[in-house]
Amino acid sequence: MANGIERPLDLLNTSKGKEVLVHLKGEKYFVGTLLAFDIHINLVLDNVKEMQDGELKKSLGLTFLRGDTIIYISPASTALKKD
Amino acid sequence: MANGIERPLDLLNTSKGKEVLVHLKGEKYFVGTLLAFDIHINLVLDNVKEMQDGELKKSLGLTFLRGDTIIYISPASTALKKD
Amino acid sequence: MANGIERPLDLLNTSKGKEVLVHLKGEKYFVGTLLAFDIHINLVLDNVKEMQDGELKKSLGLTFLRGDTIIYISPASTALKKD
Amino acid sequence: MANGIERPLDLLNTSKGKEVLVHLKGEKYFVGTLLAFDIHINLVLDNVKEMQDGELKKSLGLTFLRGDTIIYISPASTALKKD
Amino acid sequence: MANGIERPLDLLNTSKGKEVLVHLKGEKYFVGTLLAFDIHINLVLDNVKEMQDGELKKSLGLTFLRGDTIIYISPASTALKKD
Amino acid sequence: MANGIERPLDLLNTSKGKEVLVHLKGEKYFVGTLLAFDIHINLVLDNVKEMQDGELKKSLGLTFLRGDTIIYISPASTALKKD
Amino acid sequence: MANGIERPLDLLNTSKGKEVLVHLKGEKYFVGTLLAFDIHINLVLDNVKEMQDGELKKSLGLTFLRGDTIIYISPASTALKKD
């Protein structure tokens, strides 16, 4: 399979150490460096920035995000370049 | 059974490598190439485009979609031709 | 028991290959031929039509519907004749 | 215990073959003959009528109702006589 | 511990055969005699009355209430006397 | 660790027999004496008062609160003194 | 991995005894010292302050927060300095 992705968590694994865009329920967007994840899709991101309408809303630094509220996770290299 | 689909996940299996339309809660629509899925219906799609009212809203590239927010998944060959 | 239905899933089993009306949360209605289901009530339908106020809203062809958003499933032979 | 009901599911068991009133989330009411249920409170009803403000909204015939959206189930002999 | 209540379900056990006030999500209130409960907090009540703003909205008789929508259960002897 | 609290449930254990403030979803607040709890955070409180905008809305006496709707639980000695 | 964080819960472990910012569903924010957590992300915080629009809304002291309503947890040293 393209990109060596056999299972969905493979994409999170190859994104460790890279910047990702995370979209949460309630129209929230966060950008940060993915440090860790688990099977519940709980994440730890570093240098987290909460974005709103493409503008910085809040800088959070290191953050634990509960998987329950996540809609999608996309490597920022592809997600942020094409808007 | 027609199409060799005995269980619901069989449709996702035969859709790997093909373009699918994914409808999420909150009136969100994504189109992309299905790379991987698991039993929680978590997906990885490539070349993802978020659509709104039939127009491109955002290009996301590679994306992990959490199964929890998914309403339906339909192969784009049938879903997108008949609007 | 009438109709040979001992357990709820028996109705889905006897509806395979037949047209069903599926009502989802958020006032969504789909009509299609039931191909497969599992214990999570995930479904695969063929020739799916999304209906709104009795009118065709969108044709989807083959579609995977996540069980989580389903309110009811009714064989179309009985559900659609008596409106 | 009165009525021979030791556990909640005992009431569903003694209601098989009888008409029940089912109240779902979103202010939906259904009346029909209970044919089957399981531990998830998924139901199959026959001769189902969706009611709104005491009036018939839609006749559905045989219907599978997912337990997840159910608020209460009441034998129609008691529920419908005392409004 | 006062009242011999060591675990939450002990209160439901000592309330069997007595009138309880049940508050559901969506600002719904029911009063009835508790006949049975299980670990999912599914209940069977008898002589159920749905209340709204302190007035009788609907008499339901025997009713199965799904635990999922329950906020609280209070013995009516204490809950109804102090309004 | 300060207060001898190693795990979250330790705080509930040391609060037994004491007054607690419980905040539920939907902007509901209850004050009462904690008698019992379980791992689902189901609670039994005694002398329960439902509060609204700092005023008594309803006295409930003994009450079973389902854990599912709870946002926080705080010993009243600290929560109620500092408003 | 940077910061010695291999799994998401590692961040919570290294934050014990430190001040954290906790964001709950419904636009609620709490600041307090993390004393304990479990795998459900239930937390006990000390010296809790509920914040609204950057202002103190309510002081709660010791508080048990149910994990179910949590969106993110961020060490206050990074989260609160960069607004």
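Which chain is which? They are A, B, C, D, E, F and G, in the order written, and residues in each are numbered from 1.
We take it that contacts are C-beta pairs under 8 Å (C-beta built on N, C-alpha and C of every residue); 3 or more make two chains touch, one makes a residue touch a chain.
As the structure is a prediction and not an experimental result, all values here were calculated from the model.
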| item | value |
| --- | --- |
| Chain labels contacting chain D and also chain G | none |
| Euclidean distance of C-alpha centroids - chain A vs chain F, Å | 35 |
| Cα-centroid distance, chain C relative to chain D, in whole angstrom | 19 |
| Chain centre separation in whole Å, for chain D relative to chain A (CA means) | 44 |
| Set of chain A residues in contact with two or more other chains | 68 |
| Cyclic chain order - from chain E, heading first toward chain F | E, F, G, A, B, C, D |
| Complex interface listing, chain D residues touching chain C | 16-17, 24, 26, 28, 35-38, 42-44, 46, 48, 58-66, 68-69 |
| Chain D partner contacts - residues on chain C that touch it in the complex | 1-3, 5-12, 21, 25, 41, 67-68, 70-75, 77-79, 82-83 |
